[in-house]
Amino acid sequence: MLHIEFLTDLGARVTVDVDSADKLLDIQRQYGRLGWTSGEVPTGGYQFPHDNEPDFDWTLLGARKWTSPDGEELVIHKGHAYRRRELEAVDSRKMKLPAAVKFSRGAKSTDPDQLREKSDGEFEYVTLAIFRGGKRQERYAIPGGRPNAQNQASQAQSSQPQAARPAPARPAPTARLAPQPAPHVAEEEPPF
Amino acid sequence: MLHIEFLTDLGARVTVDVDSADKLLDIQRQYGRLGWTSGEVPTGGYQFPHDNEPDFDWTLLGARKWTSPDGEELVIHKGHAYRRRELEAVDSRKMKLPAAVKFSRGAKSTDPDQLREKSDGEFEYVTLAIFRGGKRQERYAIPGGRPNAQNQASQAQSSQPQAARPAPARPAPTARLAPQPAPHVAEEEPPF
Amino acid sequence: MLHIEFLTDLGARVTVDVDSADKLLDIQRQYGRLGWTSGEVPTGGYQFPHDNEPDFDWTLLGARKWTSPDGEELVIHKGHAYRRRELEAVDSRKMKLPAAVKFSRGAKSTDPDQLREKSDGEFEYVTLAIFRGGKRQERYAIPGGRPNAQNQASQAQSSQPQAARPAPARPAPTARLAPQPAPHVAEEEPPF
Amino acid sequence: MLHIEFLTDLGARVTVDVDSADKLLDIQRQYGRLGWTSGEVPTGGYQFPHDNEPDFDWTLLGARKWTSPDGEELVIHKGHAYRRRELEAVDSRKMKLPAAVKFSRGAKSTDPDQLREKSDGEFEYVTLAIFRGGKRQERYAIPGGRPNAQNQASQAQSSQPQAARPAPARPAPTARLAPQPAPHVAEEEPPF
Amino acid sequence: MLHIEFLTDLGARVTVDVDSADKLLDIQRQYGRLGWTSGEVPTGGYQFPHDNEPDFDWTLLGARKWTSPDGEELVIHKGHAYRRRELEAVDSRKMKLPAAVKFSRGAKSTDPDQLREKSDGEFEYVTLAIFRGGKRQERYAIPGGRPNAQNQASQAQSSQPQAARPAPARPAPTARLAPQPAPHVAEEEPPF
């Protein structure tokens, strides 16, 4: 038997018994839908294959997609809103990197040091997940093959410093039908 | 089966078995009434929908309401007293935020950095919970629909810096019938 | 069923199964007698009602009373010796606090920052427990109502800075019958 | 019965029951093949006998060998790529050390302090494992005695500061058949 | 039933079920022989009665004795080598301390701050265990009463600063029959 440790949407530490290893992802999806998470976001964010991005099942991470009133596509994870950014491939003499899609947010003063990444200038950010290279894993996809149409709307975006982008309008969340409280962008943090 | 980890009122680490996921909140209420907590207060405090505030069941967090001899409504959590503050909606060009109710206290020298939030000036505080936006969740309410009359007495309060408020008289706790030791409010540290 | 996590007297991490919640304190007493502890000393020390001090059952915390060859009453917890101090009530315009009894020791260079409390001057100390206000809880008392005669001997003591007190003679522990190794005051730390 | 705690490839905290102590390494191999790890990399890296290096079973650590398009042999562990380095024996008046093989990478700004080791100059690195001295342990070897031919290709390398080596071309990972996402060398970190 | 958490010699987190409390030390000996440890070394080191030193069972801590090629008696714990030092009794006006035996090593740059102890000058060290005062506990002894002859050879040594001692020749470990990799003594860090 296996046992998976979650932090519930109320922040409680709860372990759930799992009959066998092949049922583990089902359990992660079932409780992740409630906003339960297991483990910490790794430094630099979760790493997934690039081709898993269009129909990635965010419930595996206790996260969910959310489209702001401004029409911006965000991923909500433990009360934080992460923006989708497309990073162009890098092919210089010093570095070769394939194109990637990254979900990140501006760092907050209360984020621990090991999660803060530095961009050009003084801007710091936190990455939830990066999709780059690799081979698509079916087990990370939304079961039933539901395509995720929202991705079409995502604006092209280079790997230039995020801080240099014009500050997007901050979303003003309204009442929703979702089972979690509405996420709120940080009160006094700079726009990300 | 599930298993929930608590820190008891004596600070002991105790796990309680739970038969099924739908009994989890009952168990949290049952032990929370004794001051047991599960998990840490998240950085920036727990986030709940605004409309859950009037009859929020604080036992879910191992906390309880307490009215001071001065008539001030406080929430006691792990020996700390948190004040209720109403934050006005923000609707500027840079930021849009709905009105909120926040339970916070002045930071103590022994609070870890990631819990301290900065206000205007040098004042630092720690937030237990913030109620803002979102859609009311019945499961967070006191079972049986007991309204919480104490909220009527709460003074209106803007989102202006808390440090600028006139320092309220410090309550001198007296013997009570509650099962926990009396909390002591202290915005700066006591002199010993 | 419940499960309580201990740190044994050998520093091992051991979990003990407990049949029901009402047996929990018995188990804590049983293993606490061996010096096993569960959880960490909270920042600022454990808080108990004032009237629990005379017959407080220190085995609940994995601690025990010990009278030094000099006749001083100490509490030993995880190899550290804590002195008993009586704090007078404070009743000023800025603060009202009832009288308290505190068990504390001088900070050592190896104590983590969040445990160190500052007194007047540069003296830092660590508090194990403070007894103040509240209503006596029978469940914290030594079972069978054994009064603790040692408390009679405790000297009255103000809340003046501990550093200003004349340094007491450091106890030279001798062989004892107790099941734990004799506590030793730190080698190069200032007297507490 | 035993229970082993893993961090899965998705970063989830999962405990797996193990019938008996002699099955433990099998379980570590079985889940390590999926990239699951148990425990943290020790400060200074895992220590193994020198003669275990040629056919060391990296699945025991949740790691795997990977040959880059440039033909360089790397070990991938939790998304980081570690280079193989041969350290000559040291036999000076101050120190005697047998030859060793070390798998290390350049430190990243997000690595915790206790993992960073200093070389000559300002270069910092992180060690996954070091093979030096001792007596070969069969239980650490790939079961079935598969020899690891890749080691032949490893270039001889002195214990001179790694920072002084000419920066090798950064590998540009391509789609692979392996069950984990392709590792990516850090975006803005100096070449290692 | 009890459950004890170990860090295996491979650094894995493994819990072992124990039928009853009186079998706990047997289990610690059984797995400690493999280099498994439970819990952390306490700040300042484990404290044991002085008279337990001659036949102390180091397997209780996952450690083992090892005599270097130079004939120096060392204790190996998690890959670190600790030297045996005898501390004379202190009987001054400021402090009274009985004689002690201490097992310590020079601090490494990667040791966490709370483990580093300062001596005279800039030398820092880490203590594994100190044997001083108290009453001998039979349960800490090697079962079967095997005397430990090696202790006869230990040189008398005062509590003077360890850094002032003439630097002993650094042992050059060779292949051994012991089940763990050979430890490497290093008071300063090796040059790579």
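Residue numbering begins at 1 within each chain, and the chains themselves are lettered A, B, C, D and E in the order written.
As a working rule, a contact is a pair of C-beta atoms (placed from the backbone, for glycine too) under 8 Å apart; a residue touches a chain by one contact, two chains touch by 3 or more.
All values reported here derive from a predicted model rather than from experimental measurement.
Asks: Among the remaining chains, which ones contact both chain B and chain C?
Replies: none
Asks: Between chain D and chain E, two touching copies, which fits better, same or different residues at the interface, with half of the numbers shared as the threshold?
Replies: Copies use mostly different positions to touch.
Asks: Quick check: how many Å separate the C-alpha centres of chain A and chain B?
Replies: For chain A versus chain B, the centre distance works out to 28 Å.
Asks: If you average the CA atoms of chain B and of chain D, how far apart do the two points sit, in angstrom?
Replies: 46
Asks: Identify all positions of chain B at which a residue touches two or more other chains, and write them in rising order.
Replies: Each of 3, 15 in chain B touches at least two other chains.
Asks: Graph of touching chains, which shape: line, ring, star, complete, other?
Replies: Topology of touching chains reads as a ring, each chain with two neighbours.
Asks: What's the ring order, kicking off at chain C and moving to chain E?
Replies: Sequence of chains in the ring starting at chain C, next chain E: C, E, D, A, B.
Asks: Which part of chain C faces chain E closely enough to touch in the complex?
Replies: Chain C reaches chain E through residues 3, 7-8, 10-17, 31, 78-79, 108-112, 167, 170-188, 191.
Asks: Going by the contact rule set out above, which residues of chain B touch chain A in the complex?
Replies: Per the touch definition, chain B meets chain A at residues 1-5, 15, 18, 21, 24, 28, 38-44, 46-49, 60-61, 91, 94-98, 114-118, 132-135, 137.
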